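Next up: the structures, one after another.
Presented sequentially are two complexes of chain A, the first with chain B as partner and the second with chain C.
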Partner chain A sequence: MAEEKKWYTGMFSSEDWWSFWIGLFFVLVGIIAAATGADISGWVIGFPKWVDITNSLSPDHSALMSGVSSLIVSYIIFTIATCIGAYFMGMDMKKYFWAWTLIFWLSALVYILSKNAYIQATSIERPDFGIGWSLSIGGAHYIVALFIGLLIGNLAPKSFREFMYHGARPEWFIKIAIVFLGCKLGMKVVDSTGYALELLLVGACATVAAYLLFWPLVYTLCRKGFKLTREWAATLASGISICGVSASIATGGAIRARPIVPVMISSLIVVFAVIELVVLPPVLTYTPWFNEPMAAASSLGLTVKTDGADAASGAITDQLMRTRAQEELGVQWEEGWITSASVMTKIWIDMFIGVWALVLAMLWLRFVEKRPDEKVEKMEVWWRFPKFVLGYFVAWIAVGVLGLTVIGPDAMDWGIHPFESTARHLFFILTFTSIGLVTNFRKLAEENMGRLAFAYGLGLLLIIIPLGWIIAWIFHNGMMPPTVG
Partner chain B sequence: MSQEQHDLNEEVSHEAEPWEQWESNLVKWSLIIGVGALIVFGALVNLFVLH
Partner chain C sequence: MRLVNMSFFHDGKQWIARDNKVEVAASSLADLDGKLHEALRELYSPSEGSRITVNLDFDYSTIPHWMIQYHPYYMHRRLEFDY
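And now, the complex of A and B:
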């Protein structure tokens, strides 16, 4: 299984590691800017709300350059960074470059148009823009990006869709954004809230409980209810219980399932995750879950089964809930905490993939393949460990420790904000566009996918979502996002 | 029908192996540990973190 592997295998060839390298490279740029005062990070393009389109672009450090220059510089720098990663990952560089370019500019266009104040301004912000009405749809840019991606991914000519797949890498983009999110938690440590550590702790506890309840229940449903074979049942149970695509692939490898098994389960996971991404944020925002925003966000981490869709649904919920809180309660919750709660729960789940793959590998060797004497390599845990999670923690600790000691909070915030916030949002929208592009609803219509889809859908509705909601509430009840100021 | 679809049809339709005792044990112990973690961690978190 892993005889030829070293501890550093994949360090320059896997998507996970390239999320780590690219994410931390930019975090380092932000830290150097903070330490030296040299403005090498402020070029990152931001997309503010606007009524006059000439105000629709602004670099993070607004005095540094014009908005258009910032957009072009951001395109060039992020293109170079991702192309280096794509090269080492063995992608077709020409196709990646052109597909990425299309995705970047399409996402930027959607971002600009959707941030119009008539679409997104809250009632409190309307006087600032001089407008009398607005739709107050916070996060509209994410929804529009997803919709445009889905239109292209499902209705465009096949040759064009296949071309776009070369640049549409939602898991990669969101993992880079998650490394940036680590900086936000680092800044919160600097602010001495202690809240970030509480969130980390309760997220870990919720994950352990959820993990060990989800998997056996779904496995039993698949085996006894749907009469699936062990390899289909185990792979589906891991996919729906743990961390979607990564878990189904890890489980497929651990139990030596045929390659088609994790591939087909993965396509189901992606389709269902998009349905959850569209349905769950408004459900959570406009039901009594609104009174438990952090628990609601954590439930997304437990129930939405890809990193991209989870962080994306957390970002939409963050926007929707903050907009509603501002409109109805007159309270301004800090941006990013609701997203952080959904991501943090998911991160813990991601970390368990390796352990669970190891457990399943040992069980299958002993009971299915009847080879109890064969040893399973313990390094599997490390190889299966999601490396972008390392990046997330390194960013968190580096920003937190340096911000508290040698650099200082104000300088750190100035240097790191372009990546902690602005670039993170840019990579979020790239993720939304890409999720739409790679989601193919036609897969569900394929023969015999119906049975698997039914098993997956029922497992999600009867086990994962209800249990996830209960567990999220038990471990996060009463937690509220900090308010601005 | 593509080869991939043919494989899928065969695999999903394939008769499932009988449920064995080790599967019962795996499910049982996962649930026991999961419920235990829920109770113990839930109590600790609610006592010392949330309130």
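And now, the complex of A and C:
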């Protein structure tokens, strides 16, 4: 039976909160390692480039243990952590465990094979590996993981696909990775406070501009151009303009839409997000956007819906652009900043969803539905607030402040790097595999999807992408990723 | 003032609100609220001028499982019925 909702409702039962708990737990482990010098964080498995497969695995602290041991230890520890979360979220533990295990080892295998130096080494790195040629495809492991996931998610027998859904949690995995990403900005505060804060501020400005422009334009297109009813138009406008599936659920709820509305629109969102995830990173890398890498990354936060697909497209763009910069400019940009720019914009968008839902609910009940009996609770803002964002900022501030004061930057980097970088990459590839698994292109063929898909695609092409590019350029132009060293 | 906590969902055709004492169904939320208002009057016999507040929590388990990871809940309604 339903219970009255409290401010702490969901604290131990939602994926959002469990991203917060798991993410911050490992950040705390990293900080303790940094403060005490005890190597309790260096076990995290990394996947370096290789020509000899015996060099394809290495723990973050390479002297701590062998690569194979590190892979097994990482599997055991991350399995325990996510199984604890899965247990409290009421998942089917047996199915979650086996599906997670398959996804983990499949992702690890893809990671190992795709990091072959003939596939990923840049021309500058070739002499280090003793090879004369390479394809120089930065981020190939992400793309391969996505396609393997898509193959299984669309072509495997239905019973197997449905089994894999139990462990394929792209939003959960990416939110844990985003909490780890907070450490990256914390470390940057240690080096340069101004740059990190500038990134934060321009991300906020771009988000406000996007909210004010995207939503009314797409809503008008849906109402006037496609004659959609208010419940369909408002839910679709939020899904495509704000934060994808999350926004379509929040908006559907706010305007009291029948649940079929956000369900159908969400199916479209995840399919289009995967198409964007594949198309936009190379488009941005091999056009003049390459000269504005941070603006290009920010545009992904504005145009690619769902946190997973946005962060994933940021990660691919990060790899592709850094590879091209190294090849053509001889410049080595620091890893992670292009990803950070794409995530930062998205995080701002996510944070405002509660406010947006509250405003829509008040307007809808007062002026559209005219229901005086029903009250809108201000707590909606908190209930809908993405809690992993709190983890992201706590990680940022804790690492930044402690790294600047009692612990010191070198010790902090040593302790936190396994999570800030290595574990983050691991959770990114788990996200890619999972996105593929949950994206079902058959949804597009379902009844009544045609007009919605056309409206969504047109809104994306005519409004969201062009305006997103303009807004991102206005607020981020001239910003460049810091260079190594 | 009495507080009642109920859950509700949509079965594809109509909205259904229920707890262990009462269940009402209607094709629109406005009709559902009207039926609920009357059902609670019959159940609790509220005195004139009194109010019953109803917390209606949408049963999120009726949403496809894969979507739940994206957002913590669908909707929560708070109704105030004056008698």
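Remarks
To be clear about the criterion, the second predicted complex is superposed on the first by the 477 of 485 C-alpha atoms of A that agree within 3 Å, B and C clash if a C-alpha of one lies under 4 Å from a C-alpha of the other, contacts with A are read in each partner's own complex, and residues count from 1 in each chain.
Basically, a residue touches a chain if its C-beta (ideal position, glycine included) is under 8 Å from a C-beta of that chain, and two chains touch if they have at least 3 such contacts.
As the structure is a computational prediction, the values presented were derived from the model and not from experiment.
Of the two partner chains, chain B is the only one that A:V202 touches; chain C does not reach it.
Of the two partner chains placed by the overlay, only chain B lies in contact with A:G478; chain C stays clear of it. In the overlay built on the shared chain, the residue A:K227 is in contact with chain B alone; chain C does not reach it. In the superposition on chain A, A:N55 makes contact with neither chain B nor chain C.
Of the two partner chains placed around the shared chain by superposition, chain C is the only one that A:T306 touches, whereas chain B remains out of contact. Legend: residue contacts after superposition of the two complexes on their common chain; A:R384 is shown touching chain C, with no touch to chain B. By the touch criterion defined above, A:I260 reaches both chain B and chain C.
Residues 258, 260 of chain A touch chain B in one complex and chain C in the other.
Per the touch definition, chain A reaches chain C in the complex via residues 1-5, 10, 14-16, 165, 168-172, 244-246, 249-250, 252-254, 256, 258-260, 262-263, 266, 306, 369, 371, 373-377, 380, 383-384, 438. Touching chain A in their complex are the following residues of chain C: 3, 5-7, 9-10, 12, 19-20, 29-30, 33, 37, 55-59, 62-81. Looking at the complex, you find that chain B touches chain A at residues 1, 4-5, 7-9, 11-17, 19-20, 22-23, 26-28, 30-31, 33-35, 37-38, 41-42, 44-46, 49-51.
Listed in rising order, the residues of chain A touching chain B in the complex are 198, 201-202, 205-206, 208-213, 215-217, 219-220, 223-224, 227-230, 232-233, 258, 260-261, 264, 363, 366-367, 446-449, 451-452, 471, 474-479.
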